[in-house]
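A single structure is presented below for examination.
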Amino acid sequence: MMRSNDRRLEILAYGSFIIAVLVIPLLADVFWLNRIAKYLVFGMLGVAVALSWGYAGVLNLGQGLFFGMGAYMMAMSLKLQSPASVQPDGALLPDFMVWNAAPGASQHLCCISPGSWLWIPFQSQGFGIAMALMLPMLCSFLLGSSIFRLRISGVFVSIITLALVLLARLLLIDAQPLTNGFNGLTDLGWLTIGGYEFDPYAVATYYLVAVAVIVVLLATRFLVATRAGLILQATRDDANRARYLGFNVAAYQVFFFSVSGLIAGMAGMLYVIASEFASPTFLDLSFSISMVIWAAVGGRNSLLGACIGAILINVIEATASESPMLSEAWKAIIGLIFILVVLYLPRGLTGLARDIAARLGERPATSPKEQTQ
Amino acid sequence: MTEAALTIDGLGVSFAGFKAVDTFSMVVPQGDVRVLLGANGAGKTTLMDLICGKTRASEGKVFLFDQDITNLQEYRIARAGLARKFQIPSVFRELTVRENLTIACTAMHGVMGNMRLTSTAQEQDRFDQVVETVGVGASLDRIAGALSHGETQWLELGLLMGQGARVILLDEPTAGMTHAETMKTAALIRRMQGTHTLLVVEHDMAFVREIATRITVMHLGRFLAEGTVAQIEQNQQVRDAYLGNGGIR
Amino acid sequence: MADILFIGLSLGSILLLIALGLSIIYGTMGVINMAHGELAMIGAYTAVLAGKYLGIGLIGSIPLGFLVAAVLGLVIERLVIRRLYRRIMDTLLATWGIAILLQQAIRLQFGLSFFGINIDGLGPGLQSVSVPAFLRDPVRLGDFVLQPYRSFIIVMTLILTGVTWLLLYRSAWGIQIRAIMRNPEMAAACGIDVRRVGALIFAFGSGLAGVAGVLLAGLKTVSPDMGASLVVDGFLVVVVGGVGSLVGTLISAGLLGQISGIFASVFNDIAARAVVLAVVIAVIMWRPSGLFNFKGR
């Protein structure tokens, strides 16, 4: 009885969210539409964090690494689409490479600077998209394989991922001739599919992002509802018990960690399409921790909750940052909110919503945990 | 003569020079409820750790029926048909009783094989059977973390049954239980006896008399004696080991 | 070669200074204090303000920085940490919130900037503290150039490490602290007031961070966001050294300091940092419990 009630509530929540996302273009101007598209991307990051933190019990403090990979792979490809990359002689070369090139260097992508040949396949946008999805998934798979097989868990996973994202950020900045260092990749072209150009401020681009977020949300929701998702939660609760029941715990952790990495990478790719830049700030520690904050505020055990948490915080932040004073104050408020959520709302807004719904329905909240959302 | 379900052959391990289990051998025939006795520090729990793959043995072999399971990964030993219950009850505390048992009754262990929403008929049968045996039908939708100590222990026994193990190791299944709970556990174990072979570590002699078909006694990591409850209670060597200073070395 | 080792030693001592407090807090209370760097930042600002308004120099600011950070630590412990003991991930997140709050407190001058009031020495800008004259000029010893302020930091670090060691291993408090490190439940059962000792440790660890901040103020510019990178470095040292091991923290700080000193001189700073991060990742993969860990299992 309790469960079917929960189930109705959940379907209602997912349904309203999806409808809201789909009707927003009727209400918002192009400027806000573009912004909201970016926040939906952050919502996708919230889903990735909830999956690995809430369901797998793995607090990845380096999710920005996978986001950044997706972003850079897409941005490299879009950079070469940009008119700014077409040289007077018709050759395709990112502008920053020309500016940074040693005098007399070859004016061709193959050898203008050491390693610049890596850019050659990115002339194909399909390659960029494929890499934006494959690379984060592959890297999270390799990373997950090495840490979970060694049975590293808890805070040590967080430290490794944290160190890794910092390391990657350094290398990214250091590879200035290839990545434009601190400045990141700007002045990008538009994503073009079948001759249609996705202007970041067009409604079509919004729907591209929105549909992707909805699909990811529902697919992930399906994934955690499967038997495999249930077993994943079992490994989170008691890895040894799961092992002695015959489950290869590492395999489950690696699989879902890779899915989480894939989602983060896809988010990075979409972010670049909507925002027209990629920057090393994507790999800042504070960005990765922000994602965790979004998920915690929304509800770490709820995919939809984490998604909404991310969108909500960013919308408020954007509103607050209209004035510089307010934006600084907002940062302080975010710090405070975070402390309060950890102390008083460990299940986030989702937990709060559930408790309220339970009280309205005059049913006591029976579970110490979030039911599957 | 029934088939040997669990064969331990010269098993040993040492920690920093101390031989916790020392060339220990025994055979448990199928269908037995074998109780492992021994004073504290005799190596009973370590022996179980060696059998189930938690600790790697430095010498000797373990066979589950005909299969050599020595030093395999824990999940491989579990898949071969061996289950282990720890002293501290371990269940999936944030999941419901139903979810706990569903997981245990899952027949396929791989990730891809479990990309499904429903149970197979065979899994459902086993689930129903376990629910009936353990008698948790009324609390299926409760969160496991909210169960009482006794209920948690029984749920864990249910998990072991659900996983379809042929041999089950139980480490002090009645620790911290009231008398009534202990007796319920004994009844549960007797119900399991027909389909499972059990190896039980236990101190409570009243409980041991209830369940044991035979007893094996360990002392300082070695095999000391084996026999029926009556034989062991009469055995002078066992009395010396338990009551004396046990100074064999 | 000697100067490279000296640079490594001074880098290591700064790492140790930060890691010392983190290490005992983590070891005793199972709390990852992400606001530790901000406590150091508060210490640095204490030195800035003490210089501007009280005429107290850098050396005089050391006890002051300890005090301010320790009191702040006590407040944080009372209001937040106390409710989160042994919930390690939650402490990490909550203290991250505290870190943001402290940074913004300095940037916004405790909110006064909303009212147009500006305090010289606070705010988002950069500040600096001057080093006493006698620690300013390099001393030449043959080919070797001794930086007196860096030497001063090394000496101060040694003193603080010594004090921490005395507190842990030669005091009545220390026995209680070590008991809690090994088994908090048992310690509580033996009549040790775990919360009180925890509060003391948190305050002491915060005080150490405050001193680190004061000393750093003489070395680098002071800014509200200076703490963020400190806590990461400090934490890496703690993890590599092993939880709750003072010797481990000491050796790991020395090791990481030397690695970054050597690689910085052979290649560049970025390479040095990259190598340090790579070493840290490798160590955690190889021995998740750290190089020196008495907990064993």
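To keep things simple, chains are lettered A, B and C as they appear, and every chain counts its residues starting from 1.
Just so we're on the same page, contacts are C-beta pairs under 8 Å (C-beta built on N, C-alpha and C of every residue); 3 or more make two chains touch, one makes a residue touch a chain.
Chain labels with UniProt names: A = Urea ABC transporter permease subunit UrtC; B = Urea ABC transporter ATP-binding protein UrtD; C = Urea ABC transporter permease subunit UrtB.
Nothing here was measured: the structure is a model prediction, and the numbers come from that model.
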Where each step is a move between two chains that touch, what is the least number of such steps from chain B to chain C? 2
Which chain's centre, taken as the mean of its Cα atoms, is farthest from the centre of chain A? B
Per-chain CA centroid nearest to the all-protein CA mean: A
Distance between chain B and chain C based on Cα centroids, please, to the nearest Å. 49
How big is the gap, in whole Å, between where the Cα atoms of chain A centre and where those of chain C centre? 32
State, to the nearest whole Å, the distance from the C-alpha centre of chain A to the C-alpha centre of chain B. 44
Chain A contact footprint on chain C (complex, rising order): 32, 80, 83-84, 88-90, 92-94, 96-101, 103-105, 107-108, 113-114, 124, 228, 232, 235-236, 239, 270-271, 273-274, 277-278, 280-281, 284-285, 288
Under the stated contact criterion, what part of chain A meets chain C in this complex? 59, 146-147, 150, 152, 154-156, 158-160, 162-164, 166-167, 170-171, 173-174, 285-286, 289, 292-293, 296, 325, 328-329, 331-332, 334-339, 342-343, 346
Write out the stretch or stretches of chain A touching chain B in their complex. 2-3, 223, 225-228, 230-231, 233-234, 236-238, 240-249, 251-252, 255, 366-369
Residues of chain B defined as touching chain A within the complex: 52, 73-75, 78-79, 83-84, 86, 90-95, 99-100, 102-104, 106, 109-112, 114-117, 119, 141-143, 145-146, 159, 163
